[in-house]
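Chains here go by letter, A, B and C, matching the order in which they are written, and residues are numbered from 1 within each.
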Amino acid sequence: MGLEIMEDVRMDYVYNLVRGGKREDGRGFLDYREIKLETGVIKRAEGSARVKIGNTEVLVGVKLEPGEPFPDTPDKGVIITNAELVPLASPEFEPGPPNEDSVQLARVVDRGIRGSEAIDLSKLCIEEGEKVWIIFIDIHVLDNDGNLVDAATLGAVASLLETRIPNERYGLTGEDTLDIRDRPVAVTMVEIGGEILVDPSYNEENAAASGLTVISNEDGSISGMQKYWSGSIEEDKIAEMVEIGIEKAGEIRREFLE
Amino acid sequence: MKEDGIELIKDGKRLDGRGFDELRPIKIEVGVLKRADGSCYFELGDNKVIAAVYGPREMHPRHAQDAKMAVLKYRYNMAPFSVEERKRPGPDRRSVEISKISREALEPVILKEYYPKTEIDVYVEILQSDAGTRTAGINAASVALADAGIPMRDLVSSVAVGKIDGEVVLDLNAVEDNNGEADMPIAMIVRRNTITALQMDGRMTKEEFEKGLKLAMNACRRIYELQRTALIERYSEM
Amino acid sequence: MVYKVVIPGDFISDAADRAGEGTYVEDGKVYAIRYGVVDEKEEIKVVPFVGKYMPSKGDVVIGKIIEISFPYWIVDIGSPYEARLHMSEAPADKKIEFGNMHAYLDIDDLMVAKVINIDTLMRIDLRLMEDFQLGGAGRLIEIPHTKVPRIIGRKGSMIKMLKDKCKCFIFVAKNGRIWLKGSEEEMDIASEVILMIANEAHTSGLTDRVAHFLDSYSNKIRKGIER
């Protein structure tokens, strides 16, 4: 919604900094803020992770429950991704049903994981047409200082990697780990004054007219993209962003998901 | 999720006979609704979409007004009968997201600062769906906005590309979309050659993406000509 | 004269110094900002086919009272913004006060007013014109405000012809609302011809067609009056 006056001033500040080749916190245009990943943080969840990217903090929990498959995929498990922008995380977040920002966040994360086929859903069938495992990926944003998508995707994949299938709880037997075949990583960039900035802060997101998330996989293929906000991007810039996104994803994967 | 054994490409042609870079037939009618300030009916193959524009009009509630410019609202809505399995009426997560990215696809061209404190409402109804509805909706909305006399720098044109049976192809229909490997809708300002919406789901390589983007951008140029012709002809008949 | 139809983003001219309403300039070139027809007589303008009326100071408009909110009458003037008329606008002898404003001008009443001020918050102040009350007689028709110049015609030629041949009172306000007063038959013909002008505003030879149309009806009108 409408930005406050203070934010207008800050937007100009960010813009002018970028024009001068700098960022608020002094990092390079293609540098991430410090990333911290901690898994197994929630005992009650089947898998969980807390991700910090700079001040941005996201908690992801994975829960599994037996449930009905979709009619068109009777022998496949189901992934349901949900994001909550709880009011404690930002003065802009309000209580209430999911708004378009939280819906978008959940759907972009979901698309990246689904598109990568990281989870073999056919292994999550309990009884064809009757019962399959439903994987709930819940993203809880604790502190929004920009770039929620990358933090949430990293948290979701890290959670899935350590997820245990709760067979016993439901009187079932079978494999107790998920078969994770890929490690998709999201890299979000914004364009400010013609420059591409990786891992935008909250202020940088507000100063940018447009942004792009590129989710890519171990083999360098792309499994999800989303352009943000009401600016337009040139074809060459998009190609450049895709290039950068794939490269950065490789670095993050090596450091945090192997 | 590919159905077992379904072949989407045979002898270099797609199931509906199209080549890889071929659009489905497009039909555009301008000014189809009486009460709306601007409107457009858009057909893309078996997709039937209608867009209406109301406004600029006074915005309620007042606290949501922007003192400097108009607020653009966009509602993408699927009619319950538009899909094989009845769609439950009302907004779901998918339509919330599509509404958002469609609004953002159009905003770069609209001179919102001409009408402070007002709202411009774009309503897009999907009457019949066969994959590609969001792109058809953006095309229709863009024409309807012009028809409503909204000041704009350009039109916006939109299309999707995707990957089926390992090939990058233009404008997937529902069978292709359901059994394909990737889908990438884009919107663009043709005269400026800039992208205003881009989404991708499924999986493709960087090379396939680049090829797909080119294919989609070329198709947008063709769609733009059709949008323009429809608008020009509306007032040239007399 | 041939009218060139343009859509937003169409290139019109290289003469950036002559760019006027309905256009924008980029890299020294003039482009259309609206869907309409090009008018290059003096400035390069795009006259839109339709569009919401945006009031300017000095415009004479026909408004309708939609709300009474002491000390203002709130007036719909067919624009995205409501206008307001202060109670002091009523003649002093009317003794308007809280609670009886409706006795002077009530909800749904129509009036002719001039826009005297627009502030940065888009608050629009009106002043009543003399003979502002249109009364119960007559008929109000509405056309897109963008067609008003065509109804008036060059130096008032079109409106003069309409008044002469239709024999009825015609008042054209800037916001596209037109007040007619005359016999039913006269008003029917006036409405028909005004809507014809509005619908064909962008076509050439319009004045001749209107004259022809009016002539073919003039006998009928005369007969009507004689009877």
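Convention: a contact is a pair of C-beta atoms (placed from the backbone, for glycine too) under 8 Å apart; a residue touches a chain by one contact, two chains touch by 3 or more.
Small disclaimer: the values here were computed from a predicted structure and weren't measured.
Engineer: Need the most distant chain from chain A, centre defined as the mean of C-alpha atoms.
Structural biologist: The chain lying farthest from chain A is C.
Engineer: Please identify the chain lying most centrally, where each chain is represented by the average of its Cα atoms.
Structural biologist: Of all chains shown, the one whose C-alpha centre lies nearest the global C-alpha mean is B.
Engineer: From the mean C-alpha coordinate of chain B to that of chain C, what's the distance rounded to whole Å?
Structural biologist: 36
Engineer: Starting from the mean Cα coordinates of chain A and chain C, work out the distance between those two points in Å.
Structural biologist: 54
Engineer: Starting from the mean Cα coordinates of chain A and chain B, work out the distance between those two points in Å.
Structural biologist: The answer is 26 Å.
Engineer: Using the touch rule from the top, collect the residues of chain A that touch chain B in their complex.
Structural biologist: Chain A reaches chain B through residues 1-2, 71-73, 76, 98, 100, 103-104, 106-107, 111, 114-117, 209, 212, 217, 220-235, 238-239, 242-243, 246.
Engineer: Could you pull out which chain C residues touch chain B in their complex?
Structural biologist: Residues 5, 7-10, 22, 24, 31, 33-37, 48-52, 54, 80-82, 121-122, 146, 200, 202-203.
Engineer: In the complex of these two chains, what residues of chain B are touching chain A?
Structural biologist: My answer: residues 1, 64, 66, 85, 93-94, 96-97, 99-101, 103-104, 107-108, 182, 184, 188-189, 192-206, 209-210, 213, 217.
Engineer: Quick check: in the complex, which residue numbers of chain B touch chain C?
Structural biologist: Where chain B meets chain C, its residues are 37-38, 55-58, 67, 109, 111, 114-118, 146-155, 191, 228, 231-232, 235-236, 238.
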